[in-house]
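The structure that follows is given in the form of structure tokens.
Chain nomenclature is as follows: A, B, C and D, assigned in order of appearance, with residue numbering initiated at 1 for each chain independently.
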Amino acid sequence: MLTKTEEPKVMRDVIHGYIHIDLKIIWDLIDTKEFQRLRRIHQLGGDFQVYHTAEHSRFSHSLGVYEVVRRMVSEVKDLRETLDEKEKVYVMIAGLLHDIGHFPFSHAFESICDISHETFSSRIILGNSEIHDVLAKVDENLPEIIAGIIRYTYPNELLNQIVSGQLDADRMDYLLRDAYFTGTSYGAFDLERILRTIRVKDGKLLVKESGIHSVEDYIMARYHMYWQVYYHPVCRSYEIVLQKIFERMRYLYHNDFDKIKHLTMFLPFLDGEPTIYDHFYLDENAALYGISQLTKIDDQIAADLANRLLNRKLFEYEDVHKPEDEQRIQEEVKKSGYDLSYYCIMDTTSQSPYQPYGEKRGHVIWVLGDDKKIAELSTKSVIVQSLVKGDTKKECKIFFPKLI
Amino acid sequence: MLTKTEEPKVMRDVIHGYIHIDLKIIWDLIDTKEFQRLRRIHQLGGDFQVYHTAEHSRFSHSLGVYEVVRRMVSEVKDLRETLDEKEKVYVMIAGLLHDIGHFPFSHAFESICDISHETFSSRIILGNSEIHDVLAKVDENLPEIIAGIIRYTYPNELLNQIVSGQLDADRMDYLLRDAYFTGTSYGAFDLERILRTIRVKDGKLLVKESGIHSVEDYIMARYHMYWQVYYHPVCRSYEIVLQKIFERMRYLYHNDFDKIKHLTMFLPFLDGEPTIYDHFYLDENAALYGISQLTKIDDQIAADLANRLLNRKLFEYEDVHKPEDEQRIQEEVKKSGYDLSYYCIMDTTSQSPYQPYGEKRGHVIWVLGDDKKIAELSTKSVIVQSLVKGDTKKECKIFFPKLI
Amino acid sequence: MLTKTEEPKVMRDVIHGYIHIDLKIIWDLIDTKEFQRLRRIHQLGGDFQVYHTAEHSRFSHSLGVYEVVRRMVSEVKDLRETLDEKEKVYVMIAGLLHDIGHFPFSHAFESICDISHETFSSRIILGNSEIHDVLAKVDENLPEIIAGIIRYTYPNELLNQIVSGQLDADRMDYLLRDAYFTGTSYGAFDLERILRTIRVKDGKLLVKESGIHSVEDYIMARYHMYWQVYYHPVCRSYEIVLQKIFERMRYLYHNDFDKIKHLTMFLPFLDGEPTIYDHFYLDENAALYGISQLTKIDDQIAADLANRLLNRKLFEYEDVHKPEDEQRIQEEVKKSGYDLSYYCIMDTTSQSPYQPYGEKRGHVIWVLGDDKKIAELSTKSVIVQSLVKGDTKKECKIFFPKLI
Amino acid sequence: MLTKTEEPKVMRDVIHGYIHIDLKIIWDLIDTKEFQRLRRIHQLGGDFQVYHTAEHSRFSHSLGVYEVVRRMVSEVKDLRETLDEKEKVYVMIAGLLHDIGHFPFSHAFESICDISHETFSSRIILGNSEIHDVLAKVDENLPEIIAGIIRYTYPNELLNQIVSGQLDADRMDYLLRDAYFTGTSYGAFDLERILRTIRVKDGKLLVKESGIHSVEDYIMARYHMYWQVYYHPVCRSYEIVLQKIFERMRYLYHNDFDKIKHLTMFLPFLDGEPTIYDHFYLDENAALYGISQLTKIDDQIAADLANRLLNRKLFEYEDVHKPEDEQRIQEEVKKSGYDLSYYCIMDTTSQSPYQPYGEKRGHVIWVLGDDKKIAELSTKSVIVQSLVKGDTKKECKIFFPKLI
């Protein structure tokens, strides 16, 4: 597992300068076809419809997560000394592979096929794949170990936290990367300083009290990215049209199969029993090619929705403040001859900057006080405490086609 | 043509801060399906196989070119005063649409189907397209005018130069953009300063003598981008594998048609008579989906090459210094059982930083001297003169599969 | 007043790209000796003792404020249309000159000589200075107008707000500039977007509801800069040593005059009646040269403190949580033989991110709601509301020499 | 010498992110008063008169050089393995201290007092200084070793090259730093990549052939910084006025001593026998305070020149193409009543991008070819070869006061 590459390799990266690789297993994993597939899936789904430069892939992000983990286990003294050499490799691999099960368009697609991407990540790592072969060749228990860290069930919880806690490598990379590619300043925070203030105590990942300001900045960065990018109404509109396309395909699958039987890339998912082979071939190219074929079929709704998605004739939206708003719009949409179940959709989003309780899986940020005691972040930060006590921002919108 | 949008619109852009749009015609053109298609074609073809963050599209670049043109005609005093209001719109439109005819993978594909992307740009602008409709609705001569500027045949040569001269908006955007997305510093040059030093005299675009340093920097930026990015051997390898895939498909098309008849997206191009309808549907999603289907067909060479492309098992390469190098490698490749015509390819690249003569279409950079006389750049710049007189860098490589 | 320079001039600036100047009066003001003096005063006083690259001057900042004002009155539609051409020049001048009365080391010095820098700004603008001459030559009322805006007493309150409200050009420049030169990301916020969302209604400067996220980001930027830079304990330590130097000089002035009579640059300020001539000659060079001479005088306390300041042997500090902490340290300092009044100083800092009430002079941020009504920021922003309701961060420290 | 600080220390830096310090001796050297004095000297002398944000000090630059050396000896494998632990510390110290002897305004002042800053660097390191004490306390030979590296006479030439060769840490830091603070892109080059391609062979510092593009970029960066910043005519004008001030002071010193006898900071330098004590007290504050006092003396020429310098009424300039240009201007200047020897100065500047021969002290860049042979850069780089063979850029200007 600790075998080195012949010479240290680097891949230039816009966020981290370089991705540094000197373990053969990491290099081999990147070389697998399942990992290369991530090049063919946009990190932010359809968000490039709003931020046209946000065209980066899950491939770049996955390398970035690996790099942040690598820096954590080699530059953070407490981690370097707490983890043994094998565990360091485990967690680097888990960081690299944590998104391996993703579908195109991410969560929109997930909601259609009722199988989470985490489930597919496990299946790929444990199943018949090039990734499994690379892992098992080195150590037959390795696939199970890696899948465990990704599922947050590995015995040494520290590893799980590094990959998916509140201050994890995943988020640290995607906030910086999404900010760079959207061209917003919102996601920027001080990674160097956070790395310098991470500590380990009692098996917990902590931040030194003197690093609290950087963490406050990071929490605000996250909050702003949600509202300015991830929940941007046009991004929501893209996802909603996409969901409706899949709903319509599912309807046709059960009621008018002949019309879509040639869209072979989607059939296993509509069927409900997709294999990892099906998953491999359903990259974004296949999905969008399928949708472009959909524009040509003899079903008014499916063809129209597919056209809207490809050619950016997305849904409009309006804020809903009271029930009458909803009613009024429904009537207008109906009057224009649209089927409400596909063309009039309520959507509610809410996001609080940070919630210190009630969440499973390490969703709390712990602080190592100047007094050497461990405390939850909001007890130490005036800003975070205010945010925790304050209201949660919530938006309710209704989406529908442009009415003439 | 000069109708404004209801209120000025902006699109956030990582290179220019914002793309500013206040003309209705520009907004309507962006909204056409042919322009939206550019979102589905990578600006740098397969170069993201080397620079993994270079995943930007021709869509972003086209907006960027528009923005540089817009700034030129509004911020460069000589242009603002020389061009009339209509000409300013002409050239902004031409900048926006100059890449509209592009294929996926750009030049690699072009060489296969024997039709240049410029030809398709004209066909789309003049033919049965949403773009043509938007243009012709405003002025029936507009399609012809725009196609003329893109073909460098418009009577007022100044407009042609702005879109495709030596200091054109196209290059200024792509150097900055490609540098940003590859994460290299090579492509960076001082756009602000170049814009401030552009002048017009005798119908020529010129640079003030005091701006020469910025132009030298720009020429070096271009030169370095060629060698470090565009001619990177792994990028070349990707293109070569791609070309061989198309060669093999063409062979099968003529000799074993049944095996590829289901790859409908490629057939019109193999046939040699693609329409703009075929062109519209052949975006990168379709091409890569087609290639992924190719991995499953019953032809060893096609399936193998397609696999190599998708899963990044590209060709290796070696420098060729003398004829024996070539012979030796050919023998080794042959011994491993490969068909040389698909698996052993010589490739020569050369690039000089700047050549002041012999090229058609405004390939000279003119300087407005402190003495108010016009001079060719190399007579004014010690650096450029040295480069013009010096040798041209040339590389000759041979590409072939990894031999075991 | 509206006379142009012969040709538009630019000064390259790291924050704004370029400072654009095309009014003769602005150029002439920059050329005065009182404005050039600002080159000789650090923007952040002694903060470069902590952030060693924070060596920028009030000169650069003043140009930056001018540039932000210039952009506001030309790019913000409501301002462009509300203000007449003369008022636009007034407010640009006021932005340029708002810091003209500053002393070296800013607030530390101010507290010694009991005259605020604002008072000196007025005196210089209204008195016998090159600046006054430039202004009065154009319009004899101009000095009074400019001084009025800076004092926040100009009848059209909009102008006052642009220079010194809650979202003023002063703060917008210094947050970005201080962040750039300290190398922190804390001060970064999205100036472009804020400029795009500023509106005017009922004589008030407002932010459109859709721009609230940028304002939240700006408020957090400000808050973090306070704690991470402006209130950094080592910066406080520098200011405290400086104050004690001046206290000691004042003591000597009254009790042992001969020892400091050669420090002619300080005498008028110790005397209490400094003129603008004295003020002009007291730049940072003079002050630090004077302090370096102080190291050589025959007064143990003055010489020691001066040495500490110049050679960075500043005071240590400890948090004070309870009265006993203070007592304990006082005793230790006394035991080491130090005079407590110069060598043992309590210092309390507090800062809330934003307070919507109780402050004079436009200290509220107003929002123009989607419903076209004007509302105070915290009623529209969940984040800001939380911060307003939450506690105020407060720190109490004691400063004293390193004890051996 | 290898004693660590209690915990690793960092100083945030805009160029390198952080300056990393974990050796006690480095920390102690930074703490000396001679090193702290560098805070009071601008890195680029009076260049901030043109690039108003170029206000950084020799202190920041010296830390930056240290950091580049530190990275070289720890990240460049060949250096890490070639140098022993003590040599690594030697060269880090030499990098840190190489500018310790600098005067205010750098080369302008040097030319007046006929002692080079290198001489003073040696004197300080070897003489009665806090720096000497820190070094000698650790090892009595250390002062001599450090001075040797700075003088390029240390036996292991590799160390000398790291501090002052053609690809030295000094230049690498100042190009990046000066570019950052001037806000130009010219000085940007790819430090990471150069560090990755440095090799050592036969006691020589080399660059791998694959790194040549980065070196070409670096050479061009250097060339452009010379012409755009260091030789900017207004910067030259500042230096010329400064030289004339010192010339006039020297004249008064010998002919009218009473008029300047109170300018005690300058006297030892006019006298010709300055000690390191005099040197210590002549920082930029002292020099500029002295010059501000000069404006008040009863000597028309000295007072006028001092005023010009402080209040930026610098000399104008004109290009000289032929002898008559010079004559004509001299006559005009004379007619206006100016003393030609102080008010009419010819100035010639020339700079070639790179010269591979004839220079002492490692002024050649060596390349480690793909064939493992060592070659001089211009034999490997088409670009550099062109530049070496091409002409040298030369400018001749005459400087004089604005004539009315």
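Methods note: a residue touches a chain if its C-beta (ideal position, glycine included) is under 8 Å from a C-beta of that chain, and two chains touch if they have at least 3 such contacts.
Every value quoted in this text rests on a predicted model; they were computed, and no experiment measured them.
Trainee: Please flag the chain sitting at the greatest distance from chain B, going by CA centroids.
Mentor: Result for the farthest chain: C.
Trainee: Consider the two chain pairs A-B and A-D; indicate the one with the greater count of contacting C-beta pairs.
Mentor: Contact tally favours A-B.
Trainee: Which whole number of Å gives the spacing of the CA centres of chain A and chain B?
Mentor: That pair's centroid distance is 32 Å.
Trainee: Which integer distance in Å separates the CA centroid of chain A from that of chain D?
Mentor: 49
Trainee: Using CA atom averages as chain centres, what separation in Å is found between chain A and chain C?
Mentor: Distance between chain centres: 43 Å.
Trainee: Going by the contact rule already set, what residues in chain A reach two or more other chains?
Mentor: 17, 184
Trainee: Within the complex, which stretch of chain A touches chain B?
Mentor: 11-15, 17, 31-33, 36, 39-40, 48, 51-53, 55-57, 59-60, 63, 180-184, 265, 281, 283-286, 288-289, 292, 310-312
Trainee: Please output the residues of chain B touching chain C within their complex, sorted ascending.
Mentor: 10, 17-18, 192, 196
Trainee: How about chain A: which of its residues touch chain C in the complex?
Mentor: 184-186, 188-190, 213, 216-217, 220, 223-224, 227-228, 319, 353, 370, 382-383, 385-387, 389-393
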